[in-house]
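Labels A, B, C, D and E are assigned to the chains in the order they are written; within every chain, residues are numbered from 1.
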Amino acid sequence: DLLETIKSDGVFTVGTEARYAPHEFIEDGEIVGYSADLMEYIMPELDGVELIRMDLPWQGILPGLERERFDYVVTSVTATPERMQRYHLSAPIADATMAILKRAGEEEIVSPEDIGGKVAAAQAGSAQLEALEALAAELEEAGTPLADIRTYTGVDEAYADLGTGRVDVVINSLPNLLEAERTRPDVFEVVGTFGEPVYFSWAGRRDEASASLNAFMDEQIQRLNEDGTLNELQEKWFGAPMNVPLELPAAE
Amino acid sequence: MLEILLNHYPVLIKGLTTTLVVSLSAIALGLVFGMLLAFGLTSRYRWVRWPCGLYRSFWRGTPILLQLLLVYYLLPEIGIEVAPITAAILTLTLNTTAFQSEIFRSGIAHIPTGQIEAARMAGISAWQTRRRIVMPQVFRLTLPPLTNEIITILKNSSLISVIAVTELMRVSEQIASRTFQPLETYLAAAVLYLAVNLLLARISAHLERRMTGGLATE
Amino acid sequence: MFDLALLWETRELILQGLWNTVWICFLGCLVAVSLGLVLAALRLSSPRLFGYPVACYVELCRGTPLLVLLFLLYYGGPSIGLLLDAEIAGVTGIGLYGAGYFAEIYRGGFKSIPKGQLEAARMLGISPWHALTRIQIPQMLRLIVPPGTNQLIILVKESALISIISVDDLTKNATTIVNQTFNVIEPYLAVALLYWMIIELIARGGYALEKRLANRQPRHVVRQGESAHAHG
Amino acid sequence: MPMADAVTTPTTTPHQTHGEPIVEARGIGKSFGELEVLSDIDFRLEPSEVVCVIGPSGSGKSTLLRCLAFLEPYDHGSVYIDGQLLGYEERGGMRVRARESRVDAVRAPVGMVFQHFHLWPHRTALENVTEALRLVNGLSRRDAEAEGMAMLERVGLAERAGHFPESLSGGQKQRVAIARALAMQPRVMFFDEPTSALDPELVGEVLDVMKQLAHDGMTMAIVTHEMGFAAKVADRVVFMDQGRIIESGPPETLFRTPRSERLQQFLNTWRERHID
Amino acid sequence: MPMADAVTTPTTTPHQTHGEPIVEARGIGKSFGELEVLSDIDFRLEPSEVVCVIGPSGSGKSTLLRCLAFLEPYDHGSVYIDGQLLGYEERGGMRVRARESRVDAVRAPVGMVFQHFHLWPHRTALENVTEALRLVNGLSRRDAEAEGMAMLERVGLAERAGHFPESLSGGQKQRVAIARALAMQPRVMFFDEPTSALDPELVGEVLDVMKQLAHDGMTMAIVTHEMGFAAKVADRVVFMDQGRIIESGPPETLFRTPRSERLQQFLNTWRERHID
């Protein structure tokens, strides 16, 4: 039983890809952000257990979790049905609704419908890309198809190409885009959201030993959601509270 | 770019230190093992040559990313626990050994056999001949491609972040995603890599100049 | 646990990636090999005129990670009015970067040829160009084919970085599959095997070339008189 | 031996010197780092003159020839070939190093045979000989090979034409090297101990070729230890020691009545060995 | 010259042969691909015997010495050193190639001086001489250097001890190579044209050293073109042509009354060159 092991060993090791401000990122060598604060509220429940957060790129996160190099993934994962099949995704921690980012001062784009004829970008294989493709299909039906969809291994590169003018809009989840706008308001501007609501989760293994830990983490997140802590932290990190349900919408 | 360097230099320096420790250890070990493997590859015996060839093919032929994952995640399966940094050094060593052996092999083929015969006639054993007559000359003969390889390893060490070793490249990624200024950040990282590599190239050029005293070809 | 069906479902992405990797690497390596020779020859022909600029170029190429070079070329280029396609930027990046390394490999080869042989050529009135193409290059091939093969292999492997500038190469398409399916082992293993195949092909080519050269010019090239002067 | 057609200056009478030197060195000096290897050497080679250079090991004989061919740049003084300054150019009163192509042009009339052959190991014996014929004289492969075979035949190696240098014995290699130099039909030839690696039978053959060349009016500078040959063929013998020309004169005078003690000593050791 | 202490077999009287050969070759043959370079050679070298091998270029002299030292594996026949088979081992009635260390052990008593020096270019003259003393005999650096300097002094190169081969002239290089071989104080020495790259003054010196060695009872096989030397020092002269031993006998007999036409011819060409 993993939860028991953590308690008896006194260490809880989690993997993080600390490249996703404001969820998790590095400041002065420390992993900080929304998820770090959340963990600070959770850890007292594991009395005396030490938290070790490893930072590693996405390619290392999944094998690390599967090979039990760490116990849990504390990195914001957009919840999709495919992912739910393979891992245990936690109770939602934040709103991941898709939004659109454009170059600051770009006049032609004021709402999601205006991106017809433009070049749009998203991270390769991401949930955001799926949403973008759905939007593209709608636009095509409406007779204003996208000029092109470009994909990038990291979303940072997509932002960079928005700067160079090779792409006109970047699709990502709203909190992240808002952070981009806040950090470099001279370059970026958020257009607005589209599509169904989507949520961020954390993830654990789907094996029997992990069941107790998964349940424990879900419990804790729901507790913090109910007592308003989540909203407080959302206010702090995203600038506004979000409407996050207690459980993920069931996968069809 | 300057701004990035100024604002974040403590973490950048820390990442650079990790990069240096890992890659320099791998290079030093690789010099020894690469030379051994080169002799294995040029052995008179097929049963020595063949496994050496297989080793070289694998470690030269597969992406470092995969090699890192293999060493880090499969070694524990057979009961060997390795810390991330050890796994990183180990992987890079295994990798550079394959590349360095090829470089040394070409150098060995270039030593006139007469010199080796002279050594054998003086009673110097095959092994000592390699160590004292062949290797020093091979080393200076292959210094340029060897420097290439050393620098390549230094840069390839940027992949070890995949097993949770935070080196220079990972630090820059972290900064880039914080500041939303990837171009400037990577430029700053480039300056640091460049500085180290220039230093290495300098040392190599210096060695090369010093060693032309008695260089085979001049 | 190995999910073969997954690979079958995603075969189109993998094959497309393979094709892009192959042609971009091929062109990039071609640029690297030929530009490298030009650089090394320039440096040799007039050390005073070209020595320093070429040395600087070599150090810049070798000193900066390919990732950064690609980044500057692709994302930094537009700020000086250089708006390259991703694929073109990939070929250019690999070519410029590899040329620095190849220049050094060629230089090592040039230095390995006994000076007396070139003097003999000069005394017969053979021009530096002909001395280069007919006397130096054929002989140095034997010394440079192994490190040259190494370098091509390194370039092919490092070409994985062009995925950063949004080229749909093997690595990027594998990442796409990983991100979509959360399956890590199968896509990466499949891609690793494909890289291994390409690289084994290059290595085999290198050995074949080496063997042909060795037949033409047996092991103790400099067995007697030559070695007396050159190495004795 | 059909030597006449291999020589481009058939007009002059052998063993008779003229006013205008083909090769002239004035006060040349050369150091390797600290070590002064040549100091203040004057040297003239007139059309059809044959000069042999003798002297102990390390006295600078090879270095002198190399400087005369600008394979080694000299530090002081001047070398003229056919009246043209070799290796340097006067530009605005300053002396600057000449371009390679200019050096090539000035030394075009000079051929050289090296002490250590310097064959190209990746070319067969025949290809070693034909290489320059094809590249420099622009001969077709057929013509070059015909010429090349003739040259190899002259040094007795026609049947080894297809072999690579490494499978030739020392003697065979040096003969190929000589054939290679002769193939370009130079007006002046420098030889640096061309026979020191040949066995007695073949030394004779090669020296015969050289004698014939001399007789036909070829201008030659020869570093050699073959005193008998020098005595018979040289118009002038130059004795060097420690980077200087100690004595110079017709072989009869030099060998019969050496003035310097050093030359007397040098000749004595040589006689001791060859007469007993 | 203090030669006696450099020789390890001082018991035997010079110029007197014994029953047990140190080196014995029985019916050895060697081909390079198609080319048969040695055929059916018998060769004996008894303690204190000095044998000179002469013959035209390409006749296989060097190859014979190389086979006797197993630098070149022979194809047929056997070579014994001190009665031990060199290079092969009988195992279960089959002959197999011996391990390197075994070859080393068997040929330990043999020293060799090469036609083309083969100095190690990355070692100074002194280091070339001391290398084997330190590695094989296990001498300390000091002792090896003392010994090495003595050897260099003997060949007149003490003041060039710290130079690298590339900055030595041809003659100087060969002298270092000889010093290197002598330093190991072998019981048998093979010389492959050890003086052909030396200038006359120094050839004399080196031949003196070799004469002294012979006088002190060193067993030697010498490929040489120095007929005068061969006549004076050799107990026996072997004449080779086209991979075979044509004649063999005491120098007086061989040089005065050559039986084969080939040898007569060989000697004639040589005399022509040296007597006129």
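A few remarks follow.
Operating definition for what follows: a contact is a pair of C-beta atoms (placed from the backbone, for glycine too) under 8 Å apart; a residue touches a chain by one contact, two chains touch by 3 or more.
Composition by chain, UniProt nomenclature: B = Polar amino acid transport system permease protein; C = Amino acid ABC transporter membrane protein 2, PAAT family; D, E = Amino acid ABC transporter ATP-binding protein, PAAT family.
Keep in mind that what you see is a predicted model, and the values were worked out from it rather than measured.
Distance between Cα centroids is largest for the pairing of chain C with E. Interface comparison, B-E versus C-D: the higher number of contacting C-beta pairs is recorded for C-D. Of all chains, the one whose Cα centroid sits at the greatest distance from that of chain D is A.
Distance between chain centres (mean CA atoms), chain D to chain E: 32 Å.
Per-chain CA centroids place chain C at a distance of 49 Å from chain E. With centres taken as mean Cα positions, chain D sits 44 Å from chain C. Chain A and chain B, compared by their mean Cα positions, are separated by 38 Å. Residues of chain B in contact with at least two other chains: 65, 69, 112, 114-115, 182-183, 215-216, 218. For chain E, the set of residues touching two or more other chains reads 115-116, 118-119, 121, 165, 170, 177, 197. Contacts with at least two other chains are made by residues 59, 63, 154, 157, 160, 163 of chain A.
Of all residues in chain B, those touching chain C in their complex are 57-58, 60-66, 69, 99, 102-103, 105-107, 109-115, 141-145, 147-149, 151-152, 155, 158, 169, 182-183, 186-187, 189-190, 193-198, 201, 215-218.
Of all residues in chain A, only 15, 18-21, 25-29, 54-57, 59-60, 63-64, 67, 69, 154, 156-157, 159-160, 163, 180, 183-184, 187-188 touch chain B in the complex they form. Listing the residues of chain B that touch chain E in their complex gives 112, 114-115, 117-126, 128, 132-133, 136-137, 140, 211, 213-216, 218. Every residue of chain D that touches chain E in the complex is listed here, in rising order: 32, 56-58, 62, 115-116, 167-172, 193, 196-204, 207, 225, 227-228, 232, 266, 269-270, 272-274, 276.
Note for the complex: chain D touches chain C at residues 69, 71, 100-101, 104, 107-108, 110-112, 114-122, 131-132, 135-136, 164-167, 169-170, 173-174, 177, 180-181, 184, 197.
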